[in-house]
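Per-chain residue numbering starts at 1, and chain names A, B, C, D and E are given in the order in which the chains are listed.
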Amino acid sequence: MTDTRDSSQSDDTDGREHQTKTTDSRAERFRTSSALRPDGGRETTSESDRGAIFEGSQDVELDRGPFQQWAANSIENPERVYRGMFYVAAIFFLFTTLFPFYWLLMVALTPEGQLQDIIFTPNGFNPGAFIEVFQTIPFHWYVFNSFVIATASTILVLIVGSLAGYAFGRLEFPGKTPLLLLVLVISFFPPAAFFIPLNDLFNTSFFMLEPITGDGTLYNTPGAMVLPLSAIFMPLAIFILTTFYAQIPDGLEDAARVEGTTRLGALFRVIIPLSAPGVATAGVLTFIAVYNEFFFSFLMTDGQPENWAPILEGILAYQGQYEVMYHLMAAASIIGVIPVAILVVVAQEKIVSGLTAGALKE
Amino acid sequence: MARVRLENITKRYGEETAVDGISLEVEDGEFVTFVGPSGCGKSTTMETVAGLTQPSEGDVYIGDDKVTKLAPKDRGVAMVFQNIALFPHMDVYENISFGLRLRKYDDEEVRRRVEQAADIVQLEGMLDRMPAEMSGGQQQRVGIARAIVRNPDVFLMDEPLANLDAKLRVHMRTELQRLHRELNATIIYVTHDQAEAMTMSNRIAVLNDGKLQQIAPPLVCYNEPTNLFVAGFIGSPSMNFAEGQLDENGVQTPNFHIELDPATVPNASVGDAVTLGVRPEDVHLSAYADSLSQPTASIDARSDVLEPMGDEVFVYLLLAEDAERTMDEDPASSSGQLLMSVTPDTDIEAEQDVNVVLDRSKIHLFDTETGDALTHDITDQSEREPGTAATEADS
Amino acid sequence: MARVRLENITKRYGEETAVDGISLEVEDGEFVTFVGPSGCGKSTTMETVAGLTQPSEGDVYIGDDKVTKLAPKDRGVAMVFQNIALFPHMDVYENISFGLRLRKYDDEEVRRRVEQAADIVQLEGMLDRMPAEMSGGQQQRVGIARAIVRNPDVFLMDEPLANLDAKLRVHMRTELQRLHRELNATIIYVTHDQAEAMTMSNRIAVLNDGKLQQIAPPLVCYNEPTNLFVAGFIGSPSMNFAEGQLDENGVQTPNFHIELDPATVPNASVGDAVTLGVRPEDVHLSAYADSLSQPTASIDARSDVLEPMGDEVFVYLLLAEDAERTMDEDPASSSGQLLMSVTPDTDIEAEQDVNVVLDRSKIHLFDTETGDALTHDITDQSEREPGTAATEADS
Amino acid sequence: LGGAREPGTVVMTAATDVEGIMYSDGDEPSVQQALWDAGLDEDIRVEIQTVVSDSDQRMQGAQSALQAGRAPPDIHMMDSGWTIPFILREQTTNLDEHLSDDVIERVENEYLQAIVETARHPETDELHALPMFPDLGFMLYRQDLIEDAGHDTGDWADEPPSWEEFSTAVSDAMTEGDVDYGFTTQADAYEGLSCCSFNEVMTSWGGAYFGGADNLFVAGDRPITVDDDHVVDAIRMMRTFIDEDDPNAIEEYDEICPSAIVQWSEQESLGPFQGGNAVAHRNWTFAMAETGSEEAFGEDLGVTTMPYAVSADDAEFDGVGGTTSALGGWNLVLSPYTDRREEAVQVLEAFTDEGVMLTILELAGFLPPITELVTEADEDEIGPMARYTEQIERASETAIPRPVTDVWPEQSALIYQEVNAAFRGAKAPDEAMGDLAERLEGSEREVAAQNGD
Amino acid sequence: MATDTDAITGGERPTDRDRSGNAVINWMESLSEAAYAYLLLLPAFALLTLIAFYPLISTFITSLREDRTRGAEPLGGFVGIDNYVDILTGNARLARQFLDVTVSGSFPFLELGTPFLQQALFVTIAFAVISVLFETIIGFGQAYVLDQEFRGRRWVRVAIILPWAVPIVIQGMIFFLMFQPEVGFGSDLMQWLGVFGANPLADSQDAFIIILVADIWKSSAFMALLILAGLQSVDRSLYDVARVAGASPWQRFKMITLPLVMPALLVAMLFRTMDAMRVYGLIESTAGCTTVPSLTCLVVEAMFGGTRIYATAAAVAFATALVIGLIISLYVVFFRDTEGGLY
C-alpha cells in the first residue's frame, strides 16, 4: 500500500547517498561544517512535542521521579496532569476491553462440564481445548474461508467504494445528495429484508455461471457471501471514504493532474495515500464486519467448510442440541480473533499516520 | 508550438467574478509575467491555462489547439503552485520525479534529471527528506524542481520564489531565465516582486479586479503605463500622484503648478481634471536641476522622514503646510506628499526645507475620471508620437 | 516587559542541526528582523520563542522569566505562520477572532477588534469567506490579522507579506510599523524582502546555517557587514566580490589593482589573501568620477548585458577578456565580473567598452580565509575607528 | 463442488453427532454399514451435510433451502417439533406414495405413535416424514440424597411420585444433603419451555393448551384451555417451587427450584446436577448417559417419568393427567426437489430396519422409534441407559407431543413468554394465562380466517 | 518542438500535449465533472441495485400481501397497508409487538399495552440512543489515548480494537455466561451492588442493561477507530496556531479537533445508530428476543420463527427502516449546518 513509488526507487538509495557526498561546493559555500556535528551531543530525535494534542514534551522525564515530585510538578505544569490523566485513561480502557477476553480465556481453559463460578481463574485447567477445537471440526478451514471472503469483500468494497467516495467527496454533480442518501437507505434495513429475494437469486441457475460454479448458482460459493456482504457494508465504506477524500486539499490533486495523472490516477496516487487513515479504517471495519457477519454467512452456504462456510458456522458447530461446548466456542473464538488482531497490527501504521501536515500553505 | 492564447476568459465563483474577460496571447518561447494586486485573478487565470479550472466563459488555446476541455495532463504544462502543494507522503525525490515516473521514463533517466533539477534549485543532499521536514523555502524549491524536471512546453509559475531569500532568488531568477532560453519554453509567471517582473519577462501583464489592464514589455509598463492603476502599481515605491486641473498654462495642483501647453496633451482640453504622476526617482533636489534637460519650476517642500534603504534613501516630502505624513496611507498617493528617492550620499536631513524639481520628460498625465493615460512626457518636443500612451494595452 | 532573550539556543533534528547556539536579545518594543538563506533556521528559532519547538539546548526568556518549558499559550506571543495555517473550518471572521474568543472577550469587543484588524489588512467585506475561497494573498492577510488582533507583548511574524503585491506590501509595512509604535510591542520578523528588512527593523539579525552572523541596525549591516556572508547576503543585487592579495601598494585582484596603504587595514598584513567587496551602486562610470570624493583608478571593462529595472539599470561588466557572463552563477559573486547599477538615463549600451571607478569610501575588505571583515572604507583618513567593522556582532 | 456429485450419493442433513456415527474406520460398526446390511443398494452412499445442532438455526437452514427449491440435500432431518409446518407448506414428499407398503405398515404399527403423529399431514394423515429417533423427557434424581433424607425412592422408578411427595422429598434432601439446589429444570423463555418442560408439568396436572390430545395438530377451530384451573395450578406449583412466599404459591409445595431456572435451558440446568449440586433434574435421554456412568453417579442416579398431580383418570381432557414425558426427536423428510428420489427412498426404507435403529442406539444413544428395541440393545454398548429401559418404555407410552401446527412456532413464543413471566412472578399465573388465552385465540382466528377462504 | 541544448531535455520526448494513453482513459478525462461523477458511481450502484435495491423492492411488494402459513405459496393476495396497520396497532402475529400503546384520556395520555421495555420500538430507540451516546464518549476517549505517542502504543491499539473483532455469537456468549448465576460472577456482583435482580437475563430491564454494556464494550472500538482516523487527518500545524493563540487543551479540542473530526464522527455516529437500531444477534445470544425485543428481532422471528409470515416480516422490516430513516433525518436536520455535515 505504501508503495506509490516507482519500483525503481529501491535501488536508488545508494545513488542518492553518493550524491549527498559530492554536493556541489558552490552550494556548500555558506554551509559550513556544522551541518553534521562531529561531536554528536545529546540527541532528541522525537518530534512528538509538536504533534501531540496533549503536550507530550515532558514524557522523557515522566518515567522517573517519586510521586511527590510528580504532584508538585503537576501543579506548576498542568500538561503533566493531562499526561497523568492519559495514563489513567489508557489503563482503564485496557482493563475494560481486555477483561472479557481474559474471562473468555478462562472459559476456554475450563474443562467441559465444569463451567461454574469462573471469576479470575478457570475451573480446572484444560489447555487441550485449543487442540480439541481442531479435532472436533476442521476449524482452520472455516477461518481460512472467512479470511478469503473478508479479504475479497474488503477489496471489492474499497475499490468500488473509493470510486463512489471520490465522486461524492470531491465532485459536484446534480443529484449528489439524493444519491448519497439512497446509499444510506440500504443501512436502514435489517439484513433479513434482503434475504428472501437474494436467496432465490443465488439459488437460481445462471447459464453463464455454470463453468465457474458447476451448477450455475452462486449458492455455496464465496460469491454468495462476497456480493451481499459487500453491498451491505458498502454504504459505511462510501461514507467514510467520502468524508476523508473530501478533506484532501484540492491543491494536491491539482498538482498531480498537472504532473500528468488522470483524475483517476490522482485518486490512486495522491488522494488514497493521503487518506490512508480513512482508507485503512474503512478497510479494517469492512474486513472485521464481513469476517464476523452473522446473517448471510449462516444462510448462503450449506455449512460445509469445503463449500466456503465461514467461521461463524465453525463456532456454531460446537453448539449441540441441548449441550453447548462453551469451552470450545471460547477457544475457537480466541483463535478466530487472531487473524483480525494481526490485521489490526498491520493496518494500524496506516490508521495512525497523520500525513497531511505540511501539504499546503492554506 | 506552445503559443498560449486566452480568448475572453471569464471565471465566476457564484456571485464573484474572479477573472473577467481576459484575452491575451503568449508567444511561443515568450516569458510573460502576471502582476496585480492580491485577489485580482492571477492564480485563477493560470489555473484555466493548466486546465485545473474550467472557465465559465471563453477558450484556452495552446499551440494551435483549443484545449479548453482537455485534461491538464494532456496540455503539456508544468506548474509551480502558489501554495506549493508538495505530496506530503512522498520524499523530495519522489515528489520531483512524480511526473517522470508517470510517463514511465527509465530509472536512469529519471535519476539524472531529478539530480540536475535538484542541483538547479540547490537541493542536493535533501532528496530523501519528507516535505514536513523542510523549511518553507526548501519546500518551494522542491515545487520548482518538480516543474522544471518535466521540461514541458509551457511553464506556469505562481510565485515560485516567494519564500526564497534575496540571494537565492537572484540565483533562481537567472536559472529560470537560462531554462527559458535553453528550453525555449513558454513561461507564464506570477510574482509580486518588481525586480523579478522587470528583469525576467518579455512582457508584463497587469491585472486588476479580474481585468487585464496592460500587457507590454516591462519598461513600457514602467515608463508608459496605460492608466493610473498600472502607473501606481508598477514601480516600488509607487509613483507620486497629484490631482489637478488642466489650465491654459499647464496643470494646477493644490500645491504646485507645472507649466505646459495644454494643446500638446492629446485627448484633453483645458478645464479637465487630470492627475499628474511622477516617480520618486524623477523628483530631484533643485540643486541637481542642471543635470536634467528640462526640469520643472522649483517646488517648495519640507522633508518629513528619511527612509534609508542602503543603496538609496526615500525622502518623504510634505508640500502643504498642514499636510502630515500619515502612516496608514500609501504615502506616495496622497496629494499633500511627495516621495523622492535619492542616493545615500545626498546631503539631506529630516525636517528641513527643501526645493525640488520634477523631470518634465518623466511626468505622466492621466485623465482623473477614466484613469487613462494622456501623456508620459511633457517636454516641449515639436513632434511626438501621439499613440504611445496606450501601446499594446487591450483592456 | 517583553524583552526576548535567547541563550545559546540549539535545535537538532536527528543528525541535522537546524539552529546552532544562537544567543541574542530583543529589547522591549524593538523590531528585529531575521534574515538568512532558506533553511538557515529562522522559522525554527521563531518556533522556540513561541514554544512550539523545544530547543535541544539553551533557554528562552521573555521579560524576566525563563519560559523554555512554558506552554505557548502562556508566553503572550502571537505568531504569523510561514505556511499560513488558517483553520479550514472557520470563516475569516472566526479565524481572526479565534484568539479573542478563547479569552472570552465580549462579542462587541471581538467584533470591533476584528473589524479593525480586517481593515488594516484590507479584508473588509470578506469576513464571511472560507479560507478555501480566497487567493493566496488574501489568506496571508487573514493570517496577519489573526495575529495582530490579539495585541500581545511579542509578535512573531514569519514572512507575513510573502504573497502580497508591492503596493499592498508597502501599505502593510507602514501598518505594521504603526502597530509596532502604537502597541509598543516587541516584534520578531522574518522576511526575504530587503526593503522590508531595511525600512522596518530596528535591528537585523543575519543567520546562516543555524548560526547568528550579525545583529545590528539595518544600515550597519549594509554598510559595515561583519563578514563576507553578511556582505553578500544583505543588499540586492548582491555586493561584488573580487578575491585578491594585499600587496605593498594595495590590493591586487586578477583583473585590477586598488591602491591603498596596507598598514591602514587592521588585522591584515601584506601577502594576505583578501576579498574586496563593492556594492553595485558604488561602481561608477569614470565619467562621473568627479562626483566622488575619492574614486579609485579607472578600471577597464566591457558592458555585457543591461538589465533595466525601471528606476535603475543593472549593468553586467566583464573585466577579463575571457570572462563570460554565466547565467547559472550569482553574477555579482564571480570575480571576472562586476555588477554596476546606474540610473536609467545613463548613456550606456550593451557590449561596449567602458571605464569604471569604485568609490573608495565604500570599498570593503574581507579576510578571504575566515571571511571576517577587515575594513569598510579605504579612504586615506588619518584617524579611523578600528572597531566599527564588527559592531554589535555576536557570532 | 455443488453440481458434480458422485452418482449414488444421497445427501442428508445432520449434525456432527450423526455424522460421527455414519462412517467408521475398517470393521467398526457404522450407520452406513448398517444401512447396507439392511438391504440398501451398495451403490448408494449416504453423505452427511453437517448442519449446526441448534434446532432453531437448523430450521432456518431447511427453510431457506426449501424456499429456494434447492437440492441437495435430498433428505432433511427435521425436528419433530417443526416438521408439520413444512408438511403444511408442501415442502415435503408424501411418503405414502413412495415407501413400500410393508415399510408403511411397520411405521404405522410398530413406531412410537406420538412421534409418528408429528410426521403425518394433519389433515390427510398421509405420512410425510419418517421418524428417525424420538427423544423423551425424564426426571433424574439422586437416589442417595433422597434416601439419606429419609424418603423411600424404591418405587419411583416404577411409579413416579406425586408432585407433592416429590417436592417434600427433594426439599428434605436438599437440606440434609448439603446441596445448593433441589430441582433444576428448564424455564427460560424458549421453545423448550412451551414444548416440553412446561408441557409436561401442565399435562401432569391434567391441563392442556388446546383441550386435550385430540386437538394437537390442527389449528383454527379448537378450544383454548390455557386459562383453565389445571394449567394455572401447574404454574402456581412451579412458582411455589421457585418462591414459596409468593402470594400465588400453593401451600403444600416447597421451594426447591433455584430462581435461576427462569433463565436456564438444558445445558445450564444440567450443570449443577451433574456437578452434584442438585437433588433432581429434568432432562432428555442423553442426560442419563451423562450422569449415570460409573464416573458420575452410577447407581445413585434415579430416573423416572414426570411426577403428577392429577391422574389420567381424573383429568378433564383426553390424554392428559398422570405421569408424562415430553416428546422430542427427529424425522427424516424427503425433499420434493431432489433428483435422486429413488435412491433417497431406499435410504429411508433402510432406516426403518431394526438393525439400523440398534446401531444408532448403540453408537450414539439415540432412542429407536420402535422403543421396545431398547431392551434388545447390547447393554455394554448403551451404557447406563440399559438400567432404565423400563422408564424409557413408560415414557414412550406417556409421551406427549407438542401441538405442532403451521402456527405452533408463533403460539409457542406466546406461551413461553407468558409462562416464563408467570414463573418469574412478573405476572400472576391467572393473569398471564388469561393474556395468553386471548393472544392464542387471536392466533387461532387468524389461521381459521386464512385457511377458511 | 525539438529542444537540444539542455541535458534535462534528454533527447527525444513525446510532446505531452499529444494525448497519451488509451482511448478509454482519454474519454474519461474528457467527461464533464458530472458525467465523470456518474461514471464513478456506476459500479457501486450496479452492485447495490442487484444486491440491495432489487431485493428491497421485492420485499416491499411482499409486505403488501397476505401471509399464508400453509400451502406451497407463501403469500396471499394484496392487502395494501393492512400489515403495517397491524404492526402499529399491536395486532401483528408476533410474540412481542412493534408498538403496543393506546391513547387514553388521562395523563400521560398513552397507555402501554405491555411494559415499555417489551415493545420493540421503545427498546430499539432506547438502546440506540443510550449505546451510541456512551460509545461516542468512550470511543473519543479511546481514540485520544491511541492518538498519543507512548511506548507500546501498537499493542494498546490492538487491545482496544479487539472487542470489535469478536464475532457477535461470542460476544453474546461472554455476556450470557457472565450473567449466568451458576457460571459467571456478573449476576452475583450486580445483585450484591443492588443493581440487578436475581435473574438478570430473564428480566427485561436488567437484560437491557447487560445488552447495552455488551454493545458498548464491543462497539466503542468502532467509534474509536473512526475518530482516530479523523484525528490523524487533522493538519498538525493547526494545533501550533491554536497553541500560540492561547488555546488550552480543552479549547483546542473544542474548537479545532472536534469540528475537524466532526465529519468522521458524524459518519461513525450515523452508522452506529443505524447498527444499534438493527441490533439482533447480541440479544438473541444473550437474553433472547422475548426478554429484550428489538425491531430486527421481530423481523427475524417473523421470517424464521417457523411460522411463515413473510409479509408481516417484510412489513416489519420496512417499518424498521422507516423508523431508522426518521431518526437519521433528525441527524441530517440537526447537523446540516455543521461544517462537514451531511454534504
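By our rule, contacts are C-beta pairs under 8 Å (C-beta built on N, C-alpha and C of every residue); 3 or more make two chains touch, one makes a residue touch a chain.
Because the structure is predicted, anything quoted here is derived from the model rather than measured.
Shared contact partners of chain A and chain D, listed by label, are E. Here the chain-to-chain distance from chain B to chain D, counted in touching steps, is 2.
The chain with its CA mean position farthest from that of chain B is D.
By count of C-beta pairs in contact, A-E exceeds the other of the chain pairs A-E and A-B.
With centres computed from Cα atoms alone, the innermost chain of the structure is A. As a whole-number value, the distance joining the C-alpha centres of chain B and chain C reads 22 Å. One inter-chain figure worth recording: chain C and chain E are separated by 59 Å, centre to centre, where each centre is the mean of the chain's CA atoms.
In terms of their C-alpha centroids, the spacing between chain A and chain C amounts to 51 Å. If each chain is reduced to the centroid of its CA atoms, chain D and chain E end up 40 Å from each other. Residue positions 13, 37, 52, 71, 82-83, 85, 88, 136, 329 of chain C each touch two or more of the other chains.
The multi-chain contact residues of chain E, meaning those touching 2 or more other chains, are 16, 29, 33, 182-183, 235, 237, 240, 304, 340. Along chain A, residues 50, 55, 79, 115-116, 195-196, 260, 262-263, 316, 356-362 each make contact with two or more other chains. For chain E in complex with chain B, the touching residues are 1, 3, 5-10, 13, 15-20, 26, 29-30, 33. Those residues of chain D lying in contact with chain E across their complex are 56, 59-60, 63, 67, 82, 85, 88-91, 188-190, 258-260, 262-263, 268, 271-272, 406-410, 413-414, 416-417, 420, 424, 426, 442-443, 446-447, 450-451. Against chain A, the residues of chain D that register as touching in their complex are 1-4, 15-17, 49-55, 57, 60-61, 64-65, 67-70, 73, 265-267, 270-272, 274-275, 283-284, 286, 290.
Looking at the complex, you find that chain C touches chain B at residues 13, 35-39, 42-44, 82-83, 133-138, 140-141, 158-159, 162-171, 174-175, 177-178, 192-195, 198-199, 218-219, 222-223, 232-238, 279-281, 307-312, 314, 327-332, 341, 343.
Interface residues of chain A facing chain D in the complex, by the touch rule stated above, are 113-116, 136-137, 195-196, 199-200, 202-203, 210, 213-217, 219-221, 298-299, 302-304, 306-307, 313, 316-317, 319-324.
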